[in-house]
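Can you keep this structure in mind? I'll have questions shortly.
Each chain carries a letter (A, B, C and D) given by its place in the written order, and its residues are counted from 1.
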Amino acid sequence: MRDITFTAATREALAERMAVDPSIFVVGEGIGPRGGNFGTTLGLYEKYGALRLCDTPIAERGFVGLCCGAAMTGSRPIVDFMFFDFILDAMGELFNQIAKMQYMSSGRLTMPILLRGCIGIGSSAATHHSGSYYPIFAHIPGFRVVVPSNPYDAKGLFRTALRSDDPVLFLEHKNILHLKGPVPDEDDDYAIPFGLANVAREGRDITVVSLGLMLRKTLEVAEKLAAEGISVEVIDPRTIAPLDMDTILASLKKTGRILVVDETFAPCGIGAEIIAQVNERGFDDLDAPPARLHGAHTPTPYSPTLEAAVVPTPQSITQAIRDVLAE
Amino acid sequence: MRDITFTAATREALAERMAVDPSIFVVGEGIGPRGGNFGTTLGLYEKYGALRLCDTPIAERGFVGLCCGAAMTGSRPIVDFMFFDFILDAMGELFNQIAKMQYMSSGRLTMPILLRGCIGIGSSAATHHSGSYYPIFAHIPGFRVVVPSNPYDAKGLFRTALRSDDPVLFLEHKNILHLKGPVPDEDDDYAIPFGLANVAREGRDITVVSLGLMLRKTLEVAEKLAAEGISVEVIDPRTIAPLDMDTILASLKKTGRILVVDETFAPCGIGAEIIAQVNERGFDDLDAPPARLHGAHTPTPYSPTLEAAVVPTPQSITQAIRDVLAE
Amino acid sequence: MPTKEQSLSLYRTMQVIRQTEEALARSHQAGLIHGACHTYVGEEAIASGVCAHLTHQDAVFSTHRGHGHALAKGVPPRELIAELFGRATGCSRGRGGSMHLFSPEVGMMGTSGIVGPCILQAAGAGFTFKLLNQPHVGVAFFGDGASNNGAFHEGLNLAAIYQLPAIFVCENNQFATEIAITYSTRNPDVWTKAASFGMPGVCVDGNDAGAVWRAAGEAVERARAGGGPTLIECKTYRTRAHAEGMRDGGYRSMEEVEKWKARDPIKLYAAQLTSQGQAASGELDAIAAEVKALVDEAVEFAKASPYPDGATATEHIYA
Amino acid sequence: MPTKEQSLSLYRTMQVIRQTEEALARSHQAGLIHGACHTYVGEEAIASGVCAHLTHQDAVFSTHRGHGHALAKGVPPRELIAELFGRATGCSRGRGGSMHLFSPEVGMMGTSGIVGPCILQAAGAGFTFKLLNQPHVGVAFFGDGASNNGAFHEGLNLAAIYQLPAIFVCENNQFATEIAITYSTRNPDVWTKAASFGMPGVCVDGNDAGAVWRAAGEAVERARAGGGPTLIECKTYRTRAHAEGMRDGGYRSMEEVEKWKARDPIKLYAAQLTSQGQAASGELDAIAAEVKALVDEAVEFAKASPYPDGATATEHIYA
């Protein structure tokens, strides 16, 4: 075990895989000699050159569509969006092409394409550099959607993504990219399958489900509440498509109460989906109405005072937990 | 009252408004001399000419972005997508520009832009001409989302859309465009506000919420079940952003049971959202778990046998109602 | 210059496309086709002349008007017709219909109901072939209407800067549905736009099978040799309505249609072959007759084929 | 030729931009700017030369490097600086920061953190002006990097076919972050791409304020007269890092940077004015001093301004 950053963890997984799989290439703006705006490809250009670490013009739709054709013909493209917000110009290629190719070819084509980008609100990045959008990709059939919360999971899930024959969205919250955490030594080849939630903290009184940065905030809150004798079980789904409801429902069976905490928008969001499935499969286990706490339903403002007002905070998470317990 | 088609109803509202508001113009492929692939602008080119009935190249992103700039500077653009699927190439302009301009300008700009298109599964239109996507636009802040189920509502809601200073998505299911229904005479200037649901049928035993074509199927089913003495209340939200939960919750209070029937995908969909709000505001009124019936989570196949298998049918709707009643 | 064998094969391909399209048009009127049907009648020389240079390892990406490309690339008429009939024996197993034709086995990587993406995907195939040092090419067929789309700009630029083995074939039939190319751009010479990308652009008579064959041959050769992509504009015309069942009046004159019918690529090529003494008209008639039998059989095959089982509707969404 | 008054005003605008940018750079180092900060240093002649021809009714749309455009269009330095400081007195009330500058009152219709959309929006403004018979123009400022984006292709084509009163100003500073234009396209002469759209394209020295002023004047005049859009490529260079706090090595040589610093647009224009006897150096120094006082005051204003109230964070999403 060593402590390395989230980005270093995915970079290790990428480097290791590029060494054995010559069909992998990365496209993006500044992922070549520069090594990526966030250092996601640092040092790889020197090893693998300009074609496999392929800098692009500002043509997100173009290079996503290019990667679709590349994946259909036997290579394994990785699209590094830098900021995930930039994916929006490529939605047509994603929803109508990439997500549908396996189906329309009735399984005669695979679509091994990995799309990664920095998500999340923070650091006054403002409204064009703060998007997450993962509920949208969970809504559309054909994608695997990964939202890791720590370096260990990031490396294990990235390894799985690099072997997946489905399109994978790998989303990295800007405020955890540089955080360090324990990761096994390089020779340990662990991988984490998609659709397997992690019980990040065991507890008795309430189940809280959250992802990415919010998972970390929730753990802080759980720690504090423990001092008060409130026992919070914290579940990190790690992937929202597929979504491991079995683990969530097992936890609910134990606690009888559930809250979803998520930074993205509430309407037709991940909280709503989990609550709907709880109603379908765990209604009788509910001692209180299932609840959700989301970021405000608004574009993301720049100023620190405004930005702080649109995301769940330790205070609002604590309050939401107390509210569910009070029901 | 006359019986006119859904398309004729919106065309009347458009013609009437274009006559008094010179800042309205329509862009799209074939909406000029041709009068629109679905006849949405039939006869208007002759009246208002090439600039106000403005045929476009195949550049969805381009003309949506153009309309953004036009709306910011004092005109009132209408984008006629023909098939709504074609909107996907313009997502960047929609999510990052059109939806955010009022907010980012702190209310100093308005965004009076109406985006319309044909949605829905049917007639072997296959996967690139069957999309609906409205849950996605309900998820993102900044849009008004209208999904009418009949000519009367279509005209009344289109009139409201033509006066709205917010971006409006007006979605027209391909299988109801040509259906006729009663609409008041042209001199009747009724309008239907956004966010006001319609109780399409009163009932006692269960509340079923559905939209567009599914609303019509649900009404058929309700009629049949009435013969068995099962009394179904059918609610048509008409707009999903804003969503009139008060009417839905009032109905639930009466029936104690609720089912959402929707053609679009379940995960992070409109059913999940309504169920989540029912949990938040109507949990104690529930005599059974709230349920949802959606189209299959799959791209849309072409062959009639496959296509029929991926949408809710009178049979599956009936079964879903029986299941909720059996709880 | 094509050999006699190549010329006859080129002629035969055009016949296969024409006769299959006419069978589809009749089938549409007969109600056997459930969805849309965009025929390629009048443009046969292009798919035939280009695909004559391709192997099954070369990757073709096409658009809503893709029947001709699928057939020229090697999809049997029976699989195409069965697909439009919505049968399990169709090239896309009934999932696609006219606008979603998949046959990866022969390098027909798909047609798209959305205009534009095929340009990007062909560049992507070229990327794979360059990355893996394979001697193959990616080919995109698209219309004049697609040339005004951002995918044209981004796709050609990417192919050019990476010098990918890709061929971009613009079938300029003068209209996008009912919108004239002279309305949708002030520069209707699509081939000249290659200059924006530092890419060779050529223009050929899309109704002259031999001319298309030569231009495509040069482009494919250059691409295989590492010389990068080429834009080929083929000036042509569709002599049927945009789609079966649609009106064909109003936006273009019947005189214009007749003028182009007189330049029918199959008649033109037949005349060339016979006048150059490359083929006797009897040989050509024999080919037409052989193809007729093939297409007739294909229609029967499609009619007799089963519909897919609804229970399979959600298979193959994920690998 | 600009009058003396026009020349001095042009010079002053460049001074306002330069001194404001330098104040912002210092403020960034001092931690007063919460988000990104892309300065316009070295490119001042472009915004100044173009906006000199615009009224508050003309609509400007810009991109991530938009400080200069906002200032040249009439946004007071205090409102720009306060915006980057995240204060309620900023031109976007603290909601936008460096990449989201809105001041509709003066026709600054917004900058965008996303590269590309401004091109389309300027065409849209032109559409409104044509539709409503108003004598105004829409102007888009964007970088060389944006010229490879589909928005460039679709936006210029739309503006051309509708003959909209719009000006497309490409600020070709040779790099998109660290990617050289010579890498991202095989045809780095952006102005030549206007031919694809049948639109006039011109190329000017973006460091020569007088040259920009003349080219923009012609284009604006043509647009107002109903002559349609123009693409103006301004060859220039940013002499600071892509964004404050970023490295500036590796992708370009310091010699190159120094070479361009020697062609500083403000120094160049000062030399022109004095050599042509249009202004005495004393006059220019007086302008610089007046501007310094203005900018100093603006920084103090921004520092003293309140942060917006968090309770207002969800206002104005809908009309």
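One rule holds for everything that comes next: a residue touches a chain if its C-beta (ideal position, glycine included) is under 8 Å from a C-beta of that chain, and two chains touch if they have at least 3 such contacts.
Everything numeric here is computed off the predicted structure, so don't read it as measured data.
Of all chains, the one whose mean C-alpha position sits at the greatest distance from that of chain A is C.
Separating the centre of chain B from that of chain D, both taken as means of CA atoms, is a distance of 41 Å.
Separation between the centroids of chain C and chain D, computed from CA atoms only, is 45 Å. For this pair, chain B with chain C, the centres built from the Cα atoms lie 36 Å apart. The multi-chain contact residues of chain A, meaning those touching 2 or more other chains, are 56-57, 59, 61-62, 85, 89, 92, 96, 103-104, 127-128, 141-142, 297-299.
Contacts with at least two other chains are made by residues 92, 95-96, 100, 112, 114, 116, 148-151, 153-154, 157, 161, 183-185, 317 of chain D. Viewed as a network of touching protein chains, the structure reduces to a complete graph with every chain in contact with every other.
Chain B contributes residues 22-23, 25, 51-52, 54, 56-57, 59, 61-75, 77, 92-93, 96-97, 101-112, 141-142, 144, 164-166 to its touches with chain D in the complex.
Listing the residues of chain D that touch chain A in their complex gives 34-36, 86-88, 92, 94-97, 99-100, 112-116, 145-146, 148-150, 176-179, 183-185, 250-251, 307-314, 317.
Residues of chain B touching chain C in their complex: 29-30, 33-34, 55-59, 61-62, 85-86, 89, 123-129, 296-299, 301-306, 308-310.
Across the interface of their complex, chain B is touched by residues 61, 85, 88-89, 91-92, 95-96, 99-100, 103-104, 127-128, 131, 135-136, 138-142, 241, 243, 265-273, 275-276, 279-280, 283, 289-292, 297-299 of chain A. Interface residues of chain C, counted against chain D in their complex, comprise 148-154, 157, 160-161, 183-187, 192-193, 195-199.
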